[in-house]
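This is the structure I want to talk about, given as structure tokens.
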Amino acid sequence: VRRGYPEVIYCEGKTPEQVREIAARMYEKGSDVLGTRASLDHFKAVKEVCDNAVYYDVARIISIRANEAKKTKGVIGVVAAGTSDLPVAEEAAVTAELMGNTVKRIYDVGVAGIHRLMSKVDELRSFRVIICIAGMEGALPTVVGGLVACPIIAVPTSVGYGANFHGLSALLAMLNSCSSGVSVVNIDNGFGAAYSASLINRIGE
Amino acid sequence: VRRGYPEVIYCEGKTPEQVREIAARMYEKGSDVLGTRASLDHFKAVKEVCDNAVYYDVARIISIRANEAKKTKGVIGVVAAGTSDLPVAEEAAVTAELMGNTVKRIYDVGVAGIHRLMSKVDELRSFRVIICIAGMEGALPTVVGGLVACPIIAVPTSVGYGANFHGLSALLAMLNSCSSGVSVVNIDNGFGAAYSASLINRIGE
Amino acid sequence: VRRGYPEVIYCEGKTPEQVREIAARMYEKGSDVLGTRASLDHFKAVKEVCDNAVYYDVARIISIRANEAKKTKGVIGVVAAGTSDLPVAEEAAVTAELMGNTVKRIYDVGVAGIHRLMSKVDELRSFRVIICIAGMEGALPTVVGGLVACPIIAVPTSVGYGANFHGLSALLAMLNSCSSGVSVVNIDNGFGAAYSASLINRIGE
Amino acid sequence: VRRGYPEVIYCEGKTPEQVREIAARMYEKGSDVLGTRASLDHFKAVKEVCDNAVYYDVARIISIRANEAKKTKGVIGVVAAGTSDLPVAEEAAVTAELMGNTVKRIYDVGVAGIHRLMSKVDELRSFRVIICIAGMEGALPTVVGGLVACPIIAVPTSVGYGANFHGLSALLAMLNSCSSGVSVVNIDNGFGAAYSASLINRIGE
Amino acid sequence: VRRGYPEVIYCEGKTPEQVREIAARMYEKGSDVLGTRASLDHFKAVKEVCDNAVYYDVARIISIRANEAKKTKGVIGVVAAGTSDLPVAEEAAVTAELMGNTVKRIYDVGVAGIHRLMSKVDELRSFRVIICIAGMEGALPTVVGGLVACPIIAVPTSVGYGANFHGLSALLAMLNSCSSGVSVVNIDNGFGAAYSASLINRIGE
Amino acid sequence: VRRGYPEVIYCEGKTPEQVREIAARMYEKGSDVLGTRASLDHFKAVKEVCDNAVYYDVARIISIRANEAKKTKGVIGVVAAGTSDLPVAEEAAVTAELMGNTVKRIYDVGVAGIHRLMSKVDELRSFRVIICIAGMEGALPTVVGGLVACPIIAVPTSVGYGANFHGLSALLAMLNSCSSGVSVVNIDNGFGAAYSASLINRIGE
Amino acid sequence: VRRGYPEVIYCEGKTPEQVREIAARMYEKGSDVLGTRASLDHFKAVKEVCDNAVYYDVARIISIRANEAKKTKGVIGVVAAGTSDLPVAEEAAVTAELMGNTVKRIYDVGVAGIHRLMSKVDELRSFRVIICIAGMEGALPTVVGGLVACPIIAVPTSVGYGANFHGLSALLAMLNSCSSGVSVVNIDNGFGAAYSASLINRIGE
Amino acid sequence: VRRGYPEVIYCEGKTPEQVREIAARMYEKGSDVLGTRASLDHFKAVKEVCDNAVYYDVARIISIRANEAKKTKGVIGVVAAGTSDLPVAEEAAVTAELMGNTVKRIYDVGVAGIHRLMSKVDELRSFRVIICIAGMEGALPTVVGGLVACPIIAVPTSVGYGANFHGLSALLAMLNSCSSGVSVVNIDNGFGAAYSASLINRIGE
């Protein structure tokens, strides 16, 4: 199924050489290329063969643009709490941007400081779809879900320790959200959330 | 947040009398009412006070319409495999309909008989959003996801035994789907899937 | 260690006759008696021998007062969301009252409707200690924790289905709360929360 | 909510540079600063910019005092068994001290050598609140809970192997304590226990 | 391997008729017979054909003696805490007696009331082997293990709720006991503990 | 039981020296030798003493042939999806070949791109037994099982992250396959699958 | 894929009326019909419309034969230990027979009494494929696997209590079998084992 | 409780310096010293101060003898299967020897090669108590238990991969052993098994 999106390479577990080769092959065919979970070494290898490759370090994403990027009118909100969740939030935000979406980040709005989140309600309500990232108790999508009327894609992160069990606490919390309109992707899967949000966002274009 | 949907009562764990009372109160205020996980006894109690209450027995849903139902142009596809998953599929389908969506059911398309599913590809591609219900190995959303370009809400069911662990197998399978564009709700949560799908569907109206 | 509290009987798994006999024995020694997880049948059996026994049906508690109850100046807040969590909330509230505390209930303040909770901030800040009950995603203690400066005892409930795993989702969420000052008791353990809160509350008397 | 405590940096997963920068910013605003889960490298980076930074190596804590420390009259007891639990115990003890509490450590009182613990009963009874750290079978809070009448904050540690499952055994044991008055924080969360204990301790000041 | 013990029937999941038939067959061959997990109905069926059958109701054990019972000089101590653990404790104690051991019960010595346990130290030290039963936090074998120099067989019970997970908390606690000399049998397996203890006890005869 | 297969060394956790010594000993006795989970270092050590040792790097297998290899008429199909599963698929394929089987690989047929799999149906139906490798949602054996009438040995892989739990998602999915004729081996156990498939394949020779 | 086997109805969770209707429909088309997990009530309903329906009560199977049964020359061995595993063993054995296989049962050969099993070695070696059923520690397939050179399908059963976790102990044991040639089906899935064994057995016909 | 055994240091997680210091202190008091989970570095540090320290490398044990070792008449059998379990088996065997027991090792008797085990039956029956070590499916104690009449201490090991879950498979199998007379210690806890076995063995001296 052609969806008009970049070709994607999941870099984790691949050597820089393997990623370079796959990326070059795709790029030669005229595709935009998106590499996720990419280390700096992956990027350097790709850069050797694709001069216009760009690296987003927090998001750990490599992008190679073959075509002009378009921007949607509808906006995807990417909402997250602490600094520890930023790699996943940025993976979602950068992926969504590279898929042609207009993206607005709202960070540092953890549920333990509800007033900051409340001060963003108008902005939250302006989005067509929201990606909501949270680790630990994973409560953010539920609170946001109670404030807006658009669909929410929730991303649990593996940030935490002990009874966090590598993201299980946030995952279970999100699956049990008492706000309706929340659906969930795998732990740390910022890419997948962006993909779903992107499919939703373009319905309105 | 007012979203223009019926008021919802989650009937499980409530007595028929409690449900009757809550329903009556909502109905008097002019709301449409939707009761999920409702037994026949719940329905009979509601029927005593709301003459136009309707019961969907497979879906275990009570509906009381106070207002004219509209229907969307965009269609939500509800896709499921075996007969055991039908209660959850119907909970999703009926909820989506009662929220004003045009719904099309495609049942009996399990991945173990892939040819039946393949014969429905054109229809699958006509939907704006798909709700995909599956128990046991929970593979249906992945296969469907590879055939269509619209967002998919996946619902794992608790149907199975042994290493199924009450729906855990299907839940984990769906969270790990290798098809992009799939997000997941709680085990057996047909209602929640319909709610998310409905929020997505109306983006295109 | 004598703490001046009623003697407690955990009624679950005991026959009405066993509870009656234990209660009678305690009562004859001049103790106040508190029976938790008590059915109506437990209560009827106790009532036969202790005329002043009282039954709290939502809390499932039997109380027999031998002595005048005192009330603390400091107030324990009991904060909960939906109606399904009320049995546990009431187990906590009634236990705390029977231990001599002044108790204030704030119910129906789920995190999915954050505005109702925000309208209670002044009251929340007036408590010396808060017991916070929540099922499903268990987010309430974190949000409340961000609004107040007193200790919070969090009680996960087993309310939910599917990936809730009988309260595990709420339990893990609470143990991973990103609000400091939150400690946790066992799933559905309203009694234990009240006991801890009561020990804390009397520090200020 | 201002509670009059130091600002806290959770150093794990942050680079020395990030911690130095955050600490400097906080310190310049006149706050006391507390860095938890800090390595020696974190400390060295902070020390470059804040001359009066102090490092507690067992506790893995960095402290920068901007203001005079006060000491409570009420004492927090920090009770632990073996030497393996000391990092967590010290995280709790040092945090509590830096939050202005008078702290008394009682170490090396494991339940497998009950006589040593019994010889401390009078001291245990002199505390206003107790933080009780234990790994493996996590029994210490229950035994201590039976000896005192003050609230206990229990901290399970991840010390152990095999069926310990990284602290799960101690966590479950503490949540199931048959002593009342025990509430629990996350595995290895000495900081969180100190925070709760500190909120409790100042009720009596 | 003939060990000179009664033939054993595990009655759970068998009909009264099945148990009667098996018991009769064994008895006719001149064996002593021991039925565990036996209901009153199982017993009544057996009694019809074996007049000297005896029922131990708390232990849920049926015994039919074909031969004179001997008693060991060495004593097996059966140590337990609350009344809820008594069915398992009695399954152990009665099984051990029916296997020819001299048994001494020490009940009501939970670790939350350590003084009662301490008052039994001399008696505890007189046993050749101890069976130690505990539910919830499962701490009793560790504390007892620190007081005696004989081997301990620990039996976790499924008594509890919530994070007890049907005996998992006690099982893990016992496997992680920081007292040496403790080995563990399955949750609720009083029979198995008695069997092991009996093999140990007769080493000294 | 002699089955006419090579002697097998499981190299993981053994030093190169240990593997060299075991391999040499077996080889001297005239056996074919197969080393699984072998690193390049293991191979180099073996090569020192067995000149005809061969290394299969993707499969991580060392082979030393003492005897002429035969090939079966019946073919074992080795079917897998993505490149990440290739090490396990190759462990299966190479093992099967070294056990004397004719093997046909069908790779890159993930269920998210069902058309590629469908284009292989005739070939799939020509196999006597199929080894089907899949990670993540583990759906491949179910879909293949619906297309063929031969037995399938399914191998879950540990490829994935988050709610994949090191292969648990694929393992559970395969155990719950709604296609009949699928049986399952341990996560990543390509060797074991090849062994079972080989025993099946030679039934038809 | 037509495999020449009876049509199968999984009766659990279906009403007697539903099963009757499905069975009648299949039977009218000339198919053999096999109903698994069937209660006596299911059977009675089927018997009303299909006079030649037969009920296997231990196996909980309904069979309706429309066609003459053939018998294979190769024999499937069904090997099990205690009486508690018999329902699953019989589900496997009867299913295999109804699929046209010659079946030989070897029961009462638990690994705790290894001599009985050893006395059957010759018979075990005469089978073309073995179905091996075991609950509790699930060791039987490993021991049998060491004695024979044919493929083994292992079926864990849910028989047991406590740390058995509804068959998890046997399932994990079988997946970790140190005998090669063992593959595993879902807990209690006698039907699935028979299906796999049947596909294997007919390779040799 | 003085039991006449060496003082024990659990070296894992301690620095060589810490171990040296603790060992020296104990040794100076005239105690025998036993260090478990000791690396070569731990040993070298100890050797610097205690000239007669001995290192058992497979067992990872340091021993310092201050007193003459005695040997029991009764023999402890240490029974294990593959080479991978040897470190745990040797931890058990060496510990038992250093506690004064006569020890006999029977290795390489895995249940997948039952004939080797059967050839040892007479020797197995000569032991007073058996320590039985097994990983993976953990079946060895059950089979041995059916062959002997002495108590068995079972030790699951963490050897394996995939669904082994770090020893969980063997642990659960052993707890569910259908042989009576088997009790279990923590995963990899060879030391604890030796301690229990030693307490049992000296009953007969």
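Letters are used for the chains, namely A, B, C, D, E, F, G and H, taken in the order the chains are written, and counting of residues starts over at 1 for each.
Definition applied: a contact is a pair of C-beta atoms (placed from the backbone, for glycine too) under 8 Å apart; a residue touches a chain by one contact, two chains touch by 3 or more.
Keep in mind it's a predicted model, so treat the numbers as computed, not measured.
Asks: Among the other chains, which touch subunit F and subunit H together?
Replies: G
Asks: Can you grab the rotation angle between subunit A and subunit D? Superpose on CA, round to the nearest 5°.
Replies: Rotating subunit A by 90 degrees superposes it on subunit D.
Asks: Repeat of F-H among A-C, A-D or D-E, where over half of the residue-numbered contact pairs coincide, is which pair?
Replies: Answer for the repeat of F-H: A-D.
Asks: Between subunit D and subunit H, what is the gap in Å from one C-alpha centre to the other?
Replies: 36
Asks: Need the CA-centroid distance for the pair subunit E / subunit F, whole Å please.
Replies: Centres of subunit E and subunit F (C-alpha means) sit 48 Å apart.
Asks: Using mean CA coordinates as chain centres, what's the subunit A-subunit H distance in Å?
Replies: Spacing between the chain centres: roughly 51 Å.
Asks: Among the residues of subunit E, pick out those that touch two or more other chains and give their numbers.
Replies: 146-147, 162-164, 171, 175-176, 186-187
Asks: Each pair of chains that touch: what are they?
Replies: A-B, A-C, A-D, A-F, B-C, B-F, B-G, C-D, C-E, D-E, D-H, E-G, E-H, F-G, F-H, G-H
Asks: Taking the touch rule as given, give the residues of subunit F at its contact with subunit H in the complex, in rising order.
Replies: Result: residues 12-14, 156, 158, 166-167, 171, 186-189 of subunit F touch subunit H.
Asks: For a test of understanding, state which residues of subunit D touch subunit C in their complex under the given definition.
Replies: 1-3, 8, 74, 128-129, 146-151, 153, 171, 175-176, 180-187, 191-193, 195-196, 199-200, 203-204
Asks: How about subunit B: which of its residues touch subunit F in the complex?
Replies: On the subunit B side, the touching residues are 81-82, 110-114, 118, 136-139, 142-143, 145-147, 160, 162-165, 168-179.
Asks: Tell me, which parts of subunit A touch subunit D in their complex?
Replies: Going by the criterion above, the answer is residues 83-84, 159, 161-164.
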